[in-house]
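Take a look at the structures below.
Two complexes are shown next, each including subunit A; its partner changes from subunit B in the first to subunit C in the second.
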Partner chain A sequence: MSVGGGGGGAHAAIPHNNIIAFGLVGGLVGIYAAYFLVDMLGEYMSFLGALGAICGIVWGAAAVRRVANYGLGTGVPSIGMLALGMGVVAATFGLAVGGVAGPVIAVIFAAIIGLVIGVLANKVLKMGIPIMEQSMTEIAAAGTITIIGLSTSMVGTFLFDEVMTGVITTGHIAVIFIAGGLAILHPFNANLGADEKQDRTLACAFEKGGIAMIVAGIVATIMPLASGALTILVGLAVWYVGFSAFYKRVKRDAYMITGSGLLPSKEELE
Partner chain B sequence: MEPLTSMGVMALIGAAATIAGASEDLESDVGSQSNPNSQVQLAPQMMYPHRIFNKAISGEPPSNALMCAIGGTTASVLMSAGASVILALAIGAIIAAAIHGTYATTSYFGRSASQRRFKQPIYLDILRSHLPVIMGYAFITTFCILVVSYLMIAVLAHPFSLPLMAFIWGITVGAIGSSTGDVHYGAEREFQNVEFGSGLNAANSGNIVRRAESGLRNGMDNSWFCAKFGGPVTGLAFGMTVFLSGWITVLFDASKGDAIGWISVIAGTLIVLILTIWNRNIEVAARKAFGPYKKDEEAEVAA
Partner chain C sequence: MIDIAGILTDNILNILLITLGGILISWSVHFVPVGGAPAAMAQATGIGTGTVQLAAGAGLTGLVTAAAMMNVTDSMLLVIASGAVGAMIMMSVTMIVGTWVYAYGVGCPPASAKAKYDPITKDRQDLYVSQGTEGHGLPTVCFVSGVIGAALGGIGGAMVYYYLLIIENGLAAPDIVGIASIFAVGIFFVNAVIPSYNIGGTIEGYHDPKFKKFPKAVFASFIATFLCAILGVLAIGGL
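Presenting the complex of A and B:
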């Protein structure tokens, strides 16, 4: 993919700071709400963790969009994988040492890893992208929230022992890694081009977040402390709303949507 | 286990992997994923709008890893709920193919909509006709990868879990499809209008063939072309990778003693050496037979 954005800062209808607040606050509130409400009300509240993960996914996709607009074409998927790579390290560390404060510690630790990688990219590799440090910090934190959110939704808690036995040793971490990673990297990759729009890309991120939620729900059906049915249903609803919003914006932005037809004529192209 | 039974299982694994490799490559060709995608993406910008599916999900390894991990996870959940193995693997592959379909849809819509200023239309008939093909190939790939992973775990006692195993084989099949099969589509099919083997001149960038034997070329025409060589050769490459890497430890089982374990290492090294020498000989023979581009130089002198 040789054409990677306009080579400058990305235009945004929604201010990026609002998205950061949405991802960080929404993500942590979702994760903690799932943790406490599963204890208080029952395991069916575990779906809230995946809603928190969707906040992280949207934030991550917005951050990937900002940094990838500086001309990263084939680098977009790599950045998404990097996000979840940093996220896995930070999440396991944070949950292992933090107890109830685990998610907060994990996000702080992720931000530090992201900052270091951003500094290395700009100062050592001399990539020269002005927002690299900030974006890497954001992407690492968003990836961590996505992993912890989906894990919480799968096992009903983020306590390390349960996550270890229910998510990591069972291998479900693989699907969290790749479904979360693609949900973060795919939206900008799928909308890459000269007429990319922020709201269309983020609508796509919501939709892919819905899919990650459905997958988390499938796993939750066999977990004792989590409930899969509600997670799958809410995931389907998020997917439907996200896809409708995305298709509405595709219709708004496309040159032409036609049932079938020939190629545009030479006169039309001029 | 009896070595003969293990070898039979390895043969079955190799056969499933061969099918997975072939269908993976054809799946990526229908949608122009991975390396050939850059020219499909570039074409409208160079005033060549087209009716070719633009499936920019991600590179092939991540998108295949997603399919296979979702299939493996769903199958392992169903099996732990008591479903039969075949049913669990089939339902896992169906869910993976459906999710892959949503990813293909958003990338076709998104990439085309982002080319508004280059007047690239979105053709809904392309989406309707290509999506079932993409999902069908995705189902075959995922099912075969799940068969490979399940046999390795259940019969050959591999310690990994099904979701993790499927994830790793998903990445591998995507990587081999990307490196082996893409050449046949990207370098040959997209540029059939230039002389074979002439390389891609910068002036030809984006000038991909847009008209077919009948009507306008689309992804299925490309899949038809690639099914003749690129797909099968990808299948062979992946099948060989899976079979040869597994075969040495099945025949020389390291669990029976250190000495046999070391024989498996030596056998593996020998296979790598033979393949390296064989490849080198093919390259040298091809250079002697076809290269370098003498005619081009003469033409430049004449001009």
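Presenting the complex of A and C:
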């Protein structure tokens, strides 16, 4: 059953406010660092955008974990798709009107859309989740940072003309939509249950962020203003570290690990 | 800086029609027999996946067919009809193949647990519902309801796309298609998730008691889409 969640607040070893700061500050710093350093040092610095996106992904996954733990009444994937749906509207708007301030404007408008949908969910749809408003705001902002971060690392800048021709018109935005959306929704969806632990879920989010980064790097190899090689290498490193951390925590949380052997052959069954 | 008030007054009709499209998408989801994970195990009536996946599938197919029609003609009605037909075909194919799997693979008859008699065929339902399940497969009424839902969703999605595309702007043709479609996809996902929270994940179709809850989702979608439509019109109109 995909409803998930224990019907209450989630326990957290890392305070949620720290994760918000990590996602918001880390995400914006990564995006702006990529933008300025690509100009100053060269196109290979575009990988910083994807690191910013990973901060957003971890934040988004942590927010999904908190809100979905109450039980949404439907599958966890819905909230990840909602995050990217709100995010893509806000990101396109922010980058189109904002120029250099684009990412900040996008995050602000994403937060407004998220807040409105959170209020509607509680007041009109009567979902009755106390942290719905805050979580929706966070999820929308995290989705926006993810989209802008991955776009920046794909084309080397977040200025709208480049993003338009390099990411939106070519259709690479669809890749961002699914890779980013999966990275936000999958960690909690895969780990939910009575023994769900914050650090294991977030390790899974890091690992998914690494995959999104590798994908962004592959796209960047064909872009004139971005370089893909470093993005792919760093993405592989993030994936390896994330996967090792996740695997370590899976082994820690498992009651027992045992080999079941192969399926019995026909002769053995007779 | 862009002329916000000017763009909004020039495109007020587009904003309202995009919002109407969003409302149609939100309403359409209530018609689609969404069974979620229980239906995937043949323990509930409907298609065995979530609202968002179904709505996205039908909506994106509608978007593609609408865009294909847009290459040939500018007629709004043809574009919207094409979107509706694309979504209906996609949903029908999903449901008919799903029914084959339930009937010949799982081995259970289509049966609804929400109605004693199928409102369309008048066939008895409750006798065929396996114990411990909430129905299984896709009875006729669910199929018809799903096709109606897909048509409404396709019309809504095509409307959102069409009215974003005709906003006056300084973009080249491939760029405006790209940005209009990604905005339409974003608005589609928002409007697919809102009703899915309203119905709590599963619904059988218009004969399901949960269907009566649709005004709440429509109202929520109205506000959310209105906000998204303003942002979309400002972004595209300002370029």
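As a working rule, the second predicted complex is superposed on the first by the 256 of 270 C-alpha atoms of A that agree within 3 Å, B and C clash if a C-alpha of one lies under 4 Å from a C-alpha of the other, contacts with A are read in each partner's own complex, and residues count from 1 in each chain.
The criterion applied here is as follows: a residue touches a chain if its C-beta (ideal position, glycine included) is under 8 Å from a C-beta of that chain, and two chains touch if they have at least 3 such contacts.
Note that the structure is predicted; figures quoted are calculated from it, not measured.
Quick one: on subunit A, after the overlay, do subunit B and subunit C clash, or do they fit? Just give me the call.
They clash: once the shared chain is superposed, the two partners overlap in space.
Have a look at where A:165 lands relative to subunit B and subunit C in the superposition and call it first, second, both or neither.
The second partner, subunit C, only.
After superposing on the shared chain, does subunit C or subunit B touch more subunit A residues?
B
By the touch definition at the top of the document, which applies to A:215: first (subunit B), second (subunit C), both, or neither?
After superposition on chain A, A:215 lies in contact with subunit B alone.
Who does A:16 touch here: subunit B (first), subunit C (second), both, or neither?
In the superposition, A:16 touches no partner, neither subunit B nor subunit C.
I'd like to know which partner A:121 touches here: subunit B for first, subunit C for second, both or neither.
second
Just checking: does A:90 make contact with subunit B only, subunit C only, both, or neither of them? Give me first, second, both or neither.
Only subunit C is touched by A:90; subunit B is not.
Contact-wise, after the overlay, does A:192 reach subunit B, subunit C, both or neither (first, second, both, neither)?
Only subunit B is touched by A:192; subunit C is not.
Which of the two partners, first being subunit B and second being subunit C, lies in contact with A:66: first, second, both, or neither?
It touches nothing on subunit B or subunit C.
For A:178 in the superposed arrangement: first (subunit B), second (subunit C), both or neither?
first
Name the residues of subunit A shared by its contacts with subunit B and its contacts with subunit C.
Residues 1-3, 73-74, 77, 81, 169-171, 173, 177 of subunit A touch both subunit B and subunit C.
Which stretch or stretches of subunit C touch subunit A in the complex?
Spelled out, the residues of subunit C in touch with subunit A are 1-2, 36-38, 50-53, 56, 171, 174-175, 177-179, 182-183, 185-190, 192-194, 196-198, 200-202, 216-217, 219-220, 223-224, 227-228, 231-232, 234-236, 238-239.
Could you list, by residue number, the parts of subunit A that touch subunit C in their complex?
1-3, 72-75, 77-79, 81-82, 84-90, 92-93, 96-97, 109, 112-113, 116-117, 120-121, 124-127, 160, 164-165, 168-171, 173, 177
Give the list of subunit B residues in touch with subunit A in this complex.
Touching subunit A: residues 37-38, 41-42, 45, 47, 49-51, 56-59, 62-63, 65-66, 69-70, 72-74, 76-77, 80-81, 95, 99, 102-103, 106-107, 109-125, 160-167, 210, 216 of subunit B.
Would you pull the subunit A residues touching subunit B in the complex into a rising list?
Residue positions touching the partner: 1-3, 73-74, 76-77, 80-81, 169-175, 177-179, 181-182, 185-187, 189-197, 200-201, 204, 207-208, 211, 215, 218-219, 221-222, 239, 243, 246-247, 249-250, 253-264, 268-269.
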